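Naming follows writing order (A, B, C and D), and every chain is counted from residue 1.
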């Protein structure tokens, strides 16, 4: 390889201009990327750009992807260690390229060792300001919002990072259509009140106010994951909550028993298969509580509870929760939106929404956001 | 024209086999077609088929269309008088053709003289049984369900029959995809509790139990329109209620004053533009009352309140009404489904959903019905 | 019906403004519509518009359709006699409506009695100029260009007018996309050198220079069908020749024997199934001769031989013919374009291209014409 | 990272089962991947699979991609040196995964140092036979067939590997639809008789009989690139020649002067812009010569000259060449197919066909191949 001797090193802190995507502790150096879709965006001239990352994990390896001028260019598995990845070579030196390197893997509550840090960039070009986009969107969800099944063949089953993404994703598509910045806060299998397994610890609202509270262990703590999220620094124009699918799934799962207290948790069905009233009310209360929390942290955001990509069964309980919240708190900026269910034509890997299902949901959501923002 | 001397006349009553679509008084001869989509379906051999109709109106002329073997073949305005229309000529004599002649114009509450009667058929063929289809669907709605704007250019404005149809219609598309029979009960501008103009007489539920109660005047009465509908004879597998759009529109219209009692009716907004609480509650009560009525007439039907093709603003009140009904009456067969809003890409004439909007709604609805029927 | 007393009669000759579509003898009154897609276009104000037609036939009844403001509104069978058809009622009196009434049936070489004449219009409005469109297109073809199979169910077989159209048609779609006027010259089953049945009398070039030479018999002659076409009055910007499909079909049909001379005609295959050389050369000569004729009548037109909607087998002979013509006559304005073959997904009635196949062909053709006009 | 201690090393030669895609010298170890789309396919059980590659280049770095069970999973730049890439981790041990690792960069006639070698695989699973697919397809082309512009944003200009691919590619899409194996032989800027720059050395036919003759220099020679291709070992069912676009471009470029002999080469236009006769005839002769060569190497293959994705101007010369070849050599298995031109809606980076253009071409080609194979 002909060596480019004009490269210069920049730590993230040394970058004269950049945009950091996703909740993180910006005082850290290197910079941790906790949530899927988190990343670093630069506008840079020059012929060549490298990124240096530090990676580790016990079980679940992170994947990363890169967009150049908005087009997805690469996607790859990251192995443990400190690596330099070349993001482009031999481009026109004067042209300013927009480059966004981002995490394709959700925060991993099940692998405390898993982390992906950006150490710095190398280039022979210069950095230019990355302008604010007109809108900021925050998506809160489960496996759908972790992009499970957006890669992989129909029929593939393992629960592994390779099949998850932030790149072929309804949030990314919506944001691109609206020219918006976006953040994802998601955890596969989790819900509003409990996870798919009836475990009430697998509920996302409990971690909403921390930077990335569900990334645990010493390393993540040192990286700032447990710190309170500085909401004032990034107020979204709209929050899209795509939760409820796992609370729904729990109605068909065995009860969960607290290993410490012995307490039981279960969403139950009536003998005729309909949803048991007490379980539904507990779920509705969870919806209301979470909306109150979201509103307290985001006073001016439009909040859209968007549901349906893996079934419509909790439509009425969610809508009822949303309606109750709006009525009781006289909130006029919170609504419910149904996203189209996944069909045999649009399914992806792991029986999850495929690219076409994400495109369809993004279409409905984009149209709606366009009408209210 | 070479004359076909082999034609034989049949009044509707004389037909050895046929299927009548739409609510009507089957004791009548000629047979009235009250609602849009109402019609006569036969399976017939022979080379030629004619239909004789009797038509009149003061202002709004009916249109009719014909499908042969499921494919739309003709669509035309009907003029006053008694006419013979040729539905096909020179077809293969042995082949059994499926022919459905149907009304393209909604029942006309504003034109008591308007009627379309089928006097009989003429053919050189024989009639064969028309089998039951696997499903029966009933659609209840407003101008969307009267197909307003499904014909005509974007930008065309007059409120005339020509722009309405049952042929390029989400109900027809859904029924075709599911191989279902269907009935339409619809009136443009009408709602659950009031019409677009705040007039509480323009509410469809008041007429649900009659064959076609909103077709008034002596002629329609003589044709049986005011008779109670014989629900037992045709029980739908699913009822799709697509109402609320005009109740929503009324929030932006002047109050209505009862010309007799002087009473006032108005859906109101708060100063900040949000929906006034009392108006919303009255609407929710109307949703609940209508669901109770529908359930009492159709004990086993799935009821789907499907809403959104011209805006989502009443989503939460409708969903709340549906949820309250289900909870209070322990009804497990009633749900809410959002249909995609109409966009600049899918709009038709009269700022109403165009063919593409109907196709999109039919897609979502078909997928949903397929999953529950 | 409330009677409109403000209607005024106009013969076609009395119309202050109108546009006549399709080759015809404009000195006639009433005005004959010979070819499919022929019609009368007006821009008219007023609330109401009627058209008076005179129709007869022995066997094949004409169909007609009407577009208002560019949108297809009605389509119906026409019965023998003199009829008034109402094209619109109760529209806004001031608005100027664009209305085009047109024939949906090809000229009928097999039914000398078949004719459709426009006697005049009635309206309470006024007529306004119908501007020239930017382009003029002439399409010459066979059953594909007669729109066979664009109506009717897949599997329907009879060769009857009902299944033919100029409305759901690649030419109409192309013209609408390009804002062009267009003429169709077509005859189902006919070819360049012979018809599908090897009959060399079923070749369209022989009739190209007459107004509608293949409409024969006394009536048609009196209507001017046999007159030479006044080419100078309407010079197309592009001629699309979509012929060859029936010459190709003839390779698989029995020989044709001239009933008078006993002469034999047949396109033959070699024992291995390939096309026999002599038959191909005769066809190529036919292509060249027809191109010479087209060029002599249309000195400046782009000529596009567009082929493939029902199979590609004659691609090379056609292209060779076109190439030879261009080379020998130093013609730089004549080309070959392949149109996509019809597939199981796009087929219509009578094993002919359906609406989707016409849309696909129109897409390719529109893109091409846009690039050269 | 938890270490997998069960991995076992296999050189390519040691693999009990595998399929090698693309022309290469199978006696080599490590195995060179010369052409874009070349790669190694295995069916393997186990939880984990690694590949070891050896890479170098002066200027143009190779990219590689990986499909698992037919779904594109990763795509990345390869840097100089010997690397282990993990293709999957933590999959179900028993399930047999289909994995194909392949080159995304065309053979690079301009960078003799550029090479990509597969050294071996590591896995804890076992290898299973990779069955023959029902069809074999060979694609011969230029930048279109090198996938230029299939990655990158519209408007991106640099001629760099990042924007080329074999993954988002009409050949890959066609092969996937037909369940076929395929090979690509392509070079951006090259043609039948000369390149875009009128340089007659940039003509692909001269290199057709070698494994990869245009990959030059000592390294490539040692890797076997200059060896004769063993045609008998892989006979395609169909050869798709997508050449002519650069011969066409050369008509608008300055003449080329042989640096040694001073000889001039240029495709010329007439003063009126039409193609000069001599240049066209030389091109046609080139088409004929290449077809003779292809037929001599592939006696039974269907040969389809497929042209048009970047303009139709040489349609007639190509078709004439094909027709002449078929006639003179009595070849009945060679045809011409037009592929849809790229439009503003379907364009990609570098003013080349984008993904949508490749999809459209693949659609036409797939339908055609399905009808003849």
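Methods note: contacts are C-beta pairs under 8 Å (C-beta built on N, C-alpha and C of every residue); 3 or more make two chains touch, one makes a residue touch a chain.
Keep in mind that what you see is a predicted model, and the values were worked out from it rather than measured.
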Q. Where each step is a move between two chains that touch, what is the least number of such steps from subunit A to subunit C?
A. 2
(Q) So if I look at the partners of subunit C and the partners of subunit D, which chains show up in both lists? (A) none
Q.
How many angstrom lie between the centres of subunit B and subunit C, each centre taken as the mean Cα position?
A. 37
(Q) Nearest whole angstrom, what separates the Cα centre of subunit A from the Cα centre of subunit B? (A) 44
Q) For subunit B and subunit D, what's the span in angstrom between their mean Cα positions? A) 57
Q. Where does subunit B touch two or more other chains at once, residue-wise?
A. none
Q | Touching pairs among all chains present in the structure | A | A-B, A-D, B-C, C-D
Q) For subunit B, which residues count as touching subunit C in their complex? A) 1-2, 56-61, 63, 68-77, 79-80, 85-86, 88-92, 95, 151-153, 155-158, 160, 162, 349
Q) In the complex formed with subunit A, which residues of subunit B make contact? A) 272-274, 277, 308, 312, 315-317, 319-320, 322-323, 326-327, 332, 335-338, 340-341, 343, 364, 367-368, 371
